[in-house]
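Paired with chain B in one complex and with chain C in the other, chain A is shared by the two complexes that follow.
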Partner chain A sequence: MTAPTIAVGNGRATLRRNFWHGVWRVLKRKPSRMAGMVIVLGFAFMGIFGPLFYPDPLPRDTANLYAAPSWEHLFGTDFEGTDVLALVVTGSSYVLLSAVITAVITVVLGTGIGLFAGFRRGRWDTVLMRITDMKLTIPGLPLLLVLSTIWKFGSAIEMGLVLGLLGWGGVARAVRSQTLSLRERGFIEAARGLGLSTTHIIGRELLPSMAPFIAMNMLIAVTGAVYAQVGLFFLGVLPFEANNWGVMLNLAVFGGGAMSSPAALPYLMAPLLAILLLTLGIVLAVDAMDEIFNPRLREE
Partner chain B sequence: MTAFARRLAGHLARGLVMILIVTTVSFFVIRSVPGDPMAARYEKMVEQGMSPEAAQRAVEVLFGFAPTGSLWQQYVDYMSGLARLDLGQSLTVPGVGVSTVLFSAAKWTILPVLAGTLLSFLIGIVMGVYAAIKRSGKLGDILAISGSLLHGVPQYVLALLLGAVFTTLWPILPQGGTADIMFEPGFNAGYIGSLVEHATLPVLTYALAGYGGWILAMKSSVVTVLGDDFILAAELRGLKRGFIFRYVARNAILPLFTILALSLGMLFGGAIFIERIFNYPGLGLMLIDSITNRDYALMGGAFLLITAAIIVANIAADLFYTVIDPRVRSGEGVA
Partner chain C sequence: MKRLAAVVALLGLATVTACSGNTGDKSAAGGGDGGGGLYTTIDAIKPSLDVNGPINPWSPKGNAFWGYNAMRIAWSKNHLTDPNQFYPGIAASWEIAPDNSSITLHLQPNNKWSDGKPVTAEDVKFSIALAYTQGSTAFAIDPGAAGAASEVEVVDDKTVKISQDMKNPSVTFVRGVMDSFIVPQHVWSSVLPADFWDKLKAARGEGADAENARAEITALSEKVLAFAPPKDVSAGPFALERMNPGEALLVKNKNFYNAANVGPDQVKMLNSTGNEQIWNYLIAGKLDSAPFTAVPADVMKRISSTPGNAVVKGFSPVSLGLAFNQAKKPYDNVHVRRGLAYLINREEVTTIASPEGGTPAVTTTGIHQKPAAEWLGAELGELEPYKLDPAKAEEEFKKAGLKKEGGKWTLPDGTPWKFTINVPTPFSDWVSGAKAVTSQLTAAGVDAEVLTVADYPLYLKEIAEGKYDVGFWLVALGPAPYNIYQRLYGASNGWAILGGKVKHSAPGKNGNWMGGPETIEVDGAKVNPGELTAKLNSASEDEQKTIVGQLAKAANQDLPVVQLWDYVNTQFVNTNHFTGFPENDSDLLRQPAGVWIQLGMVKKK
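Moving on to the complex of A and B:
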């Protein structure tokens, strides 16, 4: 009995090695994908280690308010004379941490509910999908604004939790329709015919074939969460407890008058560029992942 | 036709349930606000020398439902007020009903959203057809990339960039309000010109934000139709390239009409950013102002109206699709 187990183990290891080989090949073929991965990894590095490079609190240079971009201050300074680039880097942890929490909750809840509804069908399916449709109909941003009067979204974790709990609807719908189409395929029928347990079928047969789809949704959820929370802080309905990109945008536009005087423009542009760059990185990375997980798309 | 009526009835019932849920949510949010705004208001009025009874009545009028009685009683009162379109009184605009304030703000959201969406729809589908026909060429690539980028960027980033360019760096457009106060509102050239000038940036943002989605959707729809048999038949009959717009676009556009109505609804939610950035007094700005002023009656009303707009757009999308696509209709007759 031991021999086959070892063989299976070796098989798995080779598969894994081949997978990483494939990833490398896919990335190497198109420089844009490599750029996307580098950008995403760069932002992750910035979010985790960025604040370590700067003193806390950030130094102020009161003689240098709204300074123009220079070598010393690449994006100028803000209304207190603090370096704008430093603000973007230290502000990224809040933004990225809550976005990752949101994405994990969105995907776990969405996948779970979508799989359950699609696989069970029947009454549970109807009830769950009704709820999902309702969630999808209630406009997210206005609801968040109304909720902001009773919740303060104090920490990045709270923010991620709320956004995640509000955001699973789309993923659940998509996963359900994937499940519905997959469960009629031959390999699932065969697994059921063999009398394998539902947990086995879902965990070992369904989930792996949906992995690319789920991974992509995860990255898209990260972008959505970044937009949503930066937007909420930008609108100025939440208390400014921590430094983050949305707070910077708000202060630049409504405090610094970036819509009428050019002095605050670099202060506005720095977080905007950070958002644009992160979006670009994620879009390019999604493109690469599509090909990694979908061997049929590979041009060998 | 009975199938159509049944469909409509189902939609309306579901829409009503949604509105009921949304009203309930806003009722309980207003009730659970820390520091109870009604009690605070009451205290303030008594301090200002009002008798407790008069202050009590004033608070009831202000908030649109009696703060006394059981929670259930208050809820019933609030709901019956809603049925009469009575959402209470606004705190920030004293003496004026919330519904009046909301309806006067609604036109500043509806018109720009409609104009921007239709503009992006028209440009997007034309460009989408080109992107599909020239999909292996450079032009197609450029169009598709411009679509993906604009589709991926959030509305407020677009609005901020446009604002930075056209009101700060190169100040040729006004940055707030609906028209200059020097013009008298009415049907005169100066006022209308000023209206258009002030609406340009919001409309342009709605249009740019929508354009990316349209070009991508139309491109994939056209590519699908191009693979259909009737196109092959038409090509075999020797039809020229010019037939593309007449034959292909007409068929490819059908599924996009559903998205059109849906995106109109979605834009009501997104209007919040654009109205805040360009200081444009529509429903979104009203919602923000009501939150910063702690005007809870107005807040509940604005939230309800935005949601209602989205529900109506969803129903319209579904019904409209039934009307314009004969295949959906015939499928229904069988079922």
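Moving on to the complex of A and C:
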């Protein structure tokens, strides 16, 4: 009698197929999740391909400053007659790229340090957590304000890097706590008893259990990065880029008088709506991710 | 732009000179009933109130509001071309010696401090001693400083005579005297040592003792700046009663010499942290008057539609220039600067940046266009206007050796040319204007960008250190032509008057950030614009006119700056509660509302 064998390659393909099938099922269950994914994918598309739809530099209509919304200019024009929607679309690349870099750095560093410290415990845990504690005591925004006087954050990568390096502390602490809790559970004990490698235990047993948690932190990191950089640009401490969402908010309020008169209101509303929509999209998408990565779902 | 308004006001007020004899007007307007009431406004010099600020006119944080509870000897009219006109302040009238060697002040005969003690000549002399510690223009302690006072003599209880050191005279002497703040000696007496005047005498000599005396006087500066009287004792129309973070309340000084004609009983200064706050106050009709603030067109419509609100406009002796650091390539080449001037559409830039507060500069002369017409007459029309002309720009760039590759201009060696304009973030009209300039240049193939700096003091520090290639720079601070051309051919471009002689510093040294050459070619002849500017300090009126013509031509041909727009003094008044405000083009618009009030103009409705 021979044991039934399953080709490894086929097995992975099946698993992948089942995973995507599960994803689709999860998304279909609530229309809001579908909407969230559409929004996130829409922003990703906008960030990558959006600038290709517009000429560089963007055209100006100087006879039409702060024009009211129309079919030609859905969100009106800015102080020098440039289409506001075009500014939002072309400006999305910087915001999204730096937010993604921030999120990746936050999650990779935070999860890596948290998992390692929580799983290994002992001296490594002590050292890493003291470093994390020190990092947590650094006030983010004031430090960024000081940094901005010497560093101009000209590229999205620089901005993402700095925000990411400032943001991993909370994730590391939380992941460590979660790891400490999980490592005492039966299935981890069993995995250890079976002599499975540390890499396997961490990668296949611990990490999936924490996936929703990590995804949540990714959400916070992305939205936090958007708020932080837009805030810094709004305060006017970073270089001027007319299509940066924060600069647009600054100019709409302090230059255009958007809080005092309606002419510059669409100029203010466009980047605000973009930020709101992006946040909403991520929240709804993570709601879906929560269910996708939840181990209980896989049991169904 | 609130902060720019303050800067413009300060610079405008601080740079005018007087050069011949005159007596002051008694009053700008007739008397009439006071009537009382509460007058609400914003202070242009210090819109952000600080409850912990001392009642000290020399302190940058001080709660001494010019024209209200802080008084000068006299208030300058900042006339278009005649800097020799003042409104009375502490002094009712004055006589200036024909050779400008002295000025005799006659104090208001019936003026008293708010605590009832009379304002005397001793108060004036004591305040002048305080001014020496701050190094004010007429009261410099450096030996041989041009325009410094050599003697302060109390003639009688209400008369003071101040003499100029005639070894090195200056036309700025009279204005330097008139701009002095006067404070009560009986409140401030502890700040200065009893032997101050002996120390000052010693400081004017040479050797170690003189050095020590100068150091001692300079060291008193901090003590003067930090002094905080417990209570406001004012010789102005008002005294500070109380303040909180949102507002300061000043009440009428019943002892003020013209108290019977001071309209409001109280003045409320509202705190302001930004333009939009002032717009909202104006839209709500809360302010009886407000200083110049950059206002977008739509907000202006809303402000104007508020019942009682009116906009008054007048001359402001300030222009905005796009300034080059000629120590950096390719801005050392005049053809590059001219090419850039031909690519900038000044009308469009002004419409975008300052539609209410500026008019496009007719050309670059270094002078605001209104006084330029007076100083230059027909010559103004003969100067190159630098109208938008891409073909001429291309010609100039080619003369400079620049190359156009793939539609973009590069430096002569083929390396990319990045044109970066630096501006301070809080100045919203500068930011918009700089962006408009870069958009125009980018469209013409110049790779241009705007870089912002967090605040104006940092901007001034960095520009002085030569960190920027190109920045915005206030010019044309008149009416004295010496002060006007100081902005182009003064210390920031390497020239300074030291010991009565003009000296030129190399770029990067002694504050020379513009880095222009010491001599430039104008109509084929070499001229030294710094020396010409220095001559304006002591030249007669006719000589001044000739020199101004030469300097305007030099600025027009050499373009150390490209003049973008000339400021218009745009202010707001509300006639719901008070009347008698200055009309359009009044020279009083160049002084705070406290001066209008103290002269008896503003009346309760």
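Just so it is clear, the second predicted complex is superposed on the first by the 279 of 300 C-alpha atoms of A that agree within 3 Å, B and C clash if a C-alpha of one lies under 4 Å from a C-alpha of the other, contacts with A are read in each partner's own complex, and residues count from 1 in each chain.
Criterion: a contact is a pair of C-beta atoms (placed from the backbone, for glycine too) under 8 Å apart; a residue touches a chain by one contact, two chains touch by 3 or more.
Please read all numbers here as calculations on a predicted model, not as lab measurements.
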item: Partner chain in contact with A:272 - chain B first, chain C second, else both or neither; value: first
item: Between chain B and chain C, more extensive residue contact with chain A; value: B
item: Touched partner set for A:60, first chain B, second chain C, both or neither; value: second
item: Contacts of A:283 with chain B and chain C, given as first, second, both or neither; value: first
item: Contacts of A:94 with chain B and chain C, given as first, second, both or neither; value: neither
item: Which superposed partner A:253 touches (first chain B, second chain C, both, neither); value: both
item: Touching partner for A:148 - first (chain B), second (chain C), both, neither; value: both
item: Touched partner set for A:236, first chain B, second chain C, both or neither; value: both
item: Partner chain in contact with A:261 - chain B first, chain C second, else both or neither; value: both
item: Contacts of A:140 with chain B and chain C, given as first, second, both or neither; value: first
item: Chain A residues contacted in one complex by chain B, in the other by chain C; value: 148-149, 236-237, 253, 259-262
item: In the complex with chain A, residue positions of chain C that touch it; value: 274-276, 279-280, 283, 294-299, 301-302, 348, 351-352, 423, 425-426, 428-429, 431-432, 434-436, 439, 442-443, 449-452, 454, 458
item: Chain A - residues contacting chain C, complex; value: 57, 60, 62, 65-66, 79-80, 148-149, 152, 236-240, 242, 250-251, 253-257, 259-264
item: Chain A - residues contacting chain B, complex; value: 134, 137-143, 145-150, 223, 227, 231, 234-237, 249, 253, 258-262, 265, 268-269, 272, 275-276, 279-280, 283
item: For the chain B and chain A complex, residues of the former touching the latter; value: 18, 21-22, 25-26, 29, 32-34, 148-149, 152-154, 156-157, 160-161, 163-164, 167-169, 171, 175, 266, 268-270, 272-273, 276-277, 287-288, 291-292, 294, 296, 299-300, 302-303, 306-307, 310-311, 314
